[in-house]
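Chain lettering (A, B, C, D, E and F) follows the sequence in which the chains are written, and residue indices restart at 1 in each chain.
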Amino acid sequence: MRPSQRQADELRPIRLTRHYTRHAEGSVLVEFGHTRVLCTASVEESVPPFLRGKGQGWVTAEYGMLPRATHTRSAREAAKGKQSGRTQEIQRLIGRSLRAVVDLSALGERQITVDCDVLQADGGTRTAAITGACVAVHDALGRLLAEGKLTESPLRDFVAAVSVGIYRGTPVLDLDYDEDSDCDTDMNVVMTGAGGFVEVQGTAEGTPFSRAELDSLLGLAEQGIARLIEIQKAALAA
Amino acid sequence: MRPSQRQADELRPIRLTRHYTRHAEGSVLVEFGHTRVLCTASVEESVPPFLRGKGQGWVTAEYGMLPRATHTRSAREAAKGKQSGRTQEIQRLIGRSLRAVVDLSALGERQITVDCDVLQADGGTRTAAITGACVAVHDALGRLLAEGKLTESPLRDFVAAVSVGIYRGTPVLDLDYDEDSDCDTDMNVVMTGAGGFVEVQGTAEGTPFSRAELDSLLGLAEQGIARLIEIQKAALAA
Amino acid sequence: MRPSQRQADELRPIRLTRHYTRHAEGSVLVEFGHTRVLCTASVEESVPPFLRGKGQGWVTAEYGMLPRATHTRSAREAAKGKQSGRTQEIQRLIGRSLRAVVDLSALGERQITVDCDVLQADGGTRTAAITGACVAVHDALGRLLAEGKLTESPLRDFVAAVSVGIYRGTPVLDLDYDEDSDCDTDMNVVMTGAGGFVEVQGTAEGTPFSRAELDSLLGLAEQGIARLIEIQKAALAA
Amino acid sequence: MRPSQRQADELRPIRLTRHYTRHAEGSVLVEFGHTRVLCTASVEESVPPFLRGKGQGWVTAEYGMLPRATHTRSAREAAKGKQSGRTQEIQRLIGRSLRAVVDLSALGERQITVDCDVLQADGGTRTAAITGACVAVHDALGRLLAEGKLTESPLRDFVAAVSVGIYRGTPVLDLDYDEDSDCDTDMNVVMTGAGGFVEVQGTAEGTPFSRAELDSLLGLAEQGIARLIEIQKAALAA
Amino acid sequence: MRPSQRQADELRPIRLTRHYTRHAEGSVLVEFGHTRVLCTASVEESVPPFLRGKGQGWVTAEYGMLPRATHTRSAREAAKGKQSGRTQEIQRLIGRSLRAVVDLSALGERQITVDCDVLQADGGTRTAAITGACVAVHDALGRLLAEGKLTESPLRDFVAAVSVGIYRGTPVLDLDYDEDSDCDTDMNVVMTGAGGFVEVQGTAEGTPFSRAELDSLLGLAEQGIARLIEIQKAALAA
Amino acid sequence: MRPSQRQADELRPIRLTRHYTRHAEGSVLVEFGHTRVLCTASVEESVPPFLRGKGQGWVTAEYGMLPRATHTRSAREAAKGKQSGRTQEIQRLIGRSLRAVVDLSALGERQITVDCDVLQADGGTRTAAITGACVAVHDALGRLLAEGKLTESPLRDFVAAVSVGIYRGTPVLDLDYDEDSDCDTDMNVVMTGAGGFVEVQGTAEGTPFSRAELDSLLGLAEQGIARLIEIQKAALAA
């Protein structure tokens, strides 16, 4: 039924490749099917002005898409001279999601910046980015532990994200581009390992959705995210 | 219990003043307590380039806040030379919400731009904006009907929005600034008169929220929006 | 003779509403007929870099127009990413006019920023803005006096402004939009309560004007401003 | 009495050098004492979008200052990425002044852009620019006449400008930088050869000025501009 | 002697991976040691305005570096709102190099845009980009041939690039980051398969270089580029 | 054979006018035939942030072209809001060239900014700029010596630049605009008085160039620059 031939509650093949590039303290290539996002976590020993002297750290994120990550080339944001509203919305979402699981006081006066750059897009880039970024932050914190700059990891839980939507009347998990382009309702859900919700963002693209539909989408997302967090744990155990 | 002394499920006093300014085809001052937003709907007899020749119209929104609408003055976006990520996120939300209830084919090749400018802010500016903008669009379409440019209104339903959140452990409706600054979870919900969901955007500011909390917030929002839509209808009947 | 039916030396109905919004230290809605400008004065306990450590304060102004304040919608400056030359010219004029009556040394190392935002435009927005801003500054200084931060008001005099022009051969006072669009010479005059000139800006839109015409325009302006200053005083006495 | 040793009503040495550069249709170096401005008039066979198909032309101006035209280096506007409010104000003034003496219908659907670039600044750059620009426009129109594109010059009159001010209590003509920095009132006046006023812009830098002072400044300006127009005529006769 | 232990005339391990991403008509990951650049070639069936109707095509390039491609994170150009001078210099160089081997008339009225995005930087990103971009353009043209839009490839020759420099007194080929940071003279050379020079850009970082040094650097570059072109041919034969 | 009637190895008439403007510490008008560039060197008693406290100075350059320096008017970069890639490339080149001959440690913690503004363009503006800038820097350093701020000049050598190219098959020196527009290969060479190369930038506009052609171009440049440095010395002796 789905263009991707998947079951309604089936994720795409998920892959997390750690240490994908050399320089960043954390560097993870995350793949949700054909969607590929490079997540690097960079540690800086200072905080933004609004936090100076407050004895806590900060985690923030930036998001970008290579111009030809998509079916047709889109203009380079650096050349246009500004980031689109969509880009800003996504990077704010990633930042908030990560801060939900990092104890900023335990981090101390330093900042972690996670860059999520989409090398290839096939739907779900923001949810893949959050899922990969969590592992990249883990690895960057591991570096601080190894260097003795921290004695305990400030990462309090895992965080992962998935999209769900109503595709031709049926709630489905983890939409790819073809499904996303043709679905009525699209929801991005971010949850922790403990099963708490961090973000729920649902949008009716066409017909408004009912409470019952909303409930079944949330159920699918809960399952999918539980599975993603198992995959994150396995990647870290490797 | 609430700083505002309101019941958990009590809206602030809501006021919709139509024809607030002279030039716009639709012009509504919406007040949610001390929050005051001027919503003007402007009709333009052309569509943006991506829609030319497709036989349909467009509805879009822009959002702004006067520099001293807030407790402390914030820099003017026109002077800084760019709109913040927050502004862009809000104006995209308003636009999507309005398009959910306007039949763009029935509108014909014209565009309605709704400007939502916050004169005074006390929490909930985006939900007030959506609630007022719906009435402003109604009035602008009324002008097109009166001029014989349309024979039937393309407005298929009402749309309104409210915020809900968990304030010190209790789910409450329609947060003002003091409540919003001190709440754990903040959710903005947009619904139609028919009771369909258009947008659900929930964010855990501190502790992640549970499925049960999410359910009770949605229940509060459903009630609150039903009441807002009654108020919209009353304003139009006046 | 005038489209507005007014006498040549007759002002439009003028209204000054103090305390129009809650947050600003001074907040005045000024109306010159259908022209409505919200003037808020914000106090900040620091000065711009070029004045640091010089023992004096600063007064500055910003000006904006809501996109649909005008007959047809104009693009939002924050969205275009820059302020027009006209906007900058006007806000520089307002700032200079206010500084002419504020003793900056007596103000101490603090800054007052006046935001003049046009809610509805019908000609004369800059002159209305100056006239309203003076009262907003008065109220903001009153707040500093009440808080004991100042012991004497640094406001040395009143300042108000009006436009004059030659409409179909006749010098007239306080042009509205219809008159302004169709006049040969347009002059904005800013004066103090003591009758001194702060700014005189006259422009021939079509035919150059003679010295005699200039003289009669200045006479009209002197009368009009004297009347505006009485209205300011009455508003403060209320 | 004046730092420059000049009489109160004495202009600085004025020089107009035509054909200063090779490529522009009109190219004039204007000097008011040490102030040197290069004015080039460029003809383009099209008009800006708002005038297309209206059967008339346009005259516009741009103004710039080389970074080290001044006593201390000021930042390059191209590097900062925007023109200052002062720059915009001046270039709008130059454009309006020139349009006051060019018959835009007689010009036909073409545009003349005058670039006024200050090579060395010593006060009065905008008045020098207007005075030189008039001659550059004359020469550019002369080229169109010579090429047979026009049969009659659309230049209806001369236009020139001068500054006047109250320096230590005395009204003086054509202020240089030292006088300008230390004067109470500064006025720029633009007039035609026929003695009509095109622009009058007076600003009280310190104490407001009286009607009597205004009158004596206007008188000085009238004399000074009459002399400048003689110099323009002499330059064209050469 | 070299930090990399390589012989003076030894290239780093070079790898060209074709079809690295799915959507672009040509997509090549090029590696010069640890330097990794993703080069995608996108075909668009139109040309920039300055070429419309001239019966020829265009090839252009854009260059970017992921923020953490480098040892320490550099600010994202899209966030800063402008591309650096270095970025612009490099993308202009890549574009010119490619146009040297593409017959623009034979290409027809279409444009190929090559995006060169550095995933990991270790010196020589611009030379790697040119070398990979040539293969990506080849593949994009191959697609046009396969689709019957072209009957003959407009690629007239190969083009590749390498850096050479004087490292502690010795001319060496293909500098990595450590060598580049510590060398006196740095030269980038671009050549065709036929052995013609397309670009030579040499810069003395410290002491100026002599004609003899220049000659030996050119010799090294000629050898290195001949080897790179063999590698390109092998990649296309695979 | 050359449009300019010059011998292949003949420079245009070169003129260096020192003290061209009053305010800058060094101010030189350089002319290469009809190309005229004003080079001003400004001394500032501070260094950019990246050099603070390092006990050394900095030399940097900015480049601009007046809009009508060229045959047809080009848009003003300050009005467009950004500098072109070409401008940035040139100003980086000028800065590097000057730093090659200034001992930055001997300069002390101060910065020299050289502004090179093209008043009239006829090819070779960047090479003229470098040649003139060297003299302007000399004069600015002379001022520091005269004021006792330096006891020895940090200028270690002269630096000058010239373009060479292959015009219709023949290598020629110092191309003017007509030659430059119609030449196959264009090379800019920067050298010191001691005969060392600082920059070599050669570009094949059409057919790639051979090693033999490159060699003969370098020979021409060596001769031309030796002559330019004699002219610089003569100007300083005057």
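Everything that follows uses one rule, which is that contacts are C-beta pairs under 8 Å (C-beta built on N, C-alpha and C of every residue); 3 or more make two chains touch, one makes a residue touch a chain.
Per UniProt, the chains are A, B, C, D, E, F = Ribonuclease PH.
The structure presented is a predicted model; accordingly, all values stated were derived computationally and were not measured.
Within the contact network of the assembly, the step distance from subunit B (Ribonuclease PH) to subunit E (Ribonuclease PH) comes to 2.
Touching subunit B (Ribonuclease PH) and subunit F (Ribonuclease PH) at once is no chain at all.
Farthest from subunit A (Ribonuclease PH), judged by the mean position of CA atoms in each chain, is D. On a Cα centroid basis, the chain most remote from subunit F (Ribonuclease PH) in this structure is B. Computed centre separation for the pair subunit D (Ribonuclease PH)/subunit E (Ribonuclease PH) is 51 angstrom, with centres defined by C-alpha atoms.
In terms of their C-alpha centroids, the spacing between subunit B (Ribonuclease PH) and subunit C (Ribonuclease PH) amounts to 33 Å. Here the spacing of subunit A (Ribonuclease PH) and subunit B (Ribonuclease PH), counted between their Cα centres, is 28 Å.
Shared interface positions of subunit D (Ribonuclease PH), defined as residues touching 2 or more other chains, are 81-82. Interchain contacts close the chains into one ring where each touches exactly two others, per the touch definition above. Remark: ring traversal beginning at subunit D (Ribonuclease PH), heading first to subunit F (Ribonuclease PH), gives the chain order D, F, E, A, B, C. Across the complex, subunit B (Ribonuclease PH) meets subunit A (Ribonuclease PH) through its residues 82, 85, 88-89, 91-92, 96, 100, 187, 191-192, 194-204, 207-211, 214, 218, 222.
Those residues of subunit A (Ribonuclease PH) whose C-beta lies close enough to touch subunit E (Ribonuclease PH) in the complex are 21-24, 27, 34, 36, 38, 40, 42, 44, 62, 64, 66-73, 76-79, 81-83, 87, 113, 115, 117, 119-120.
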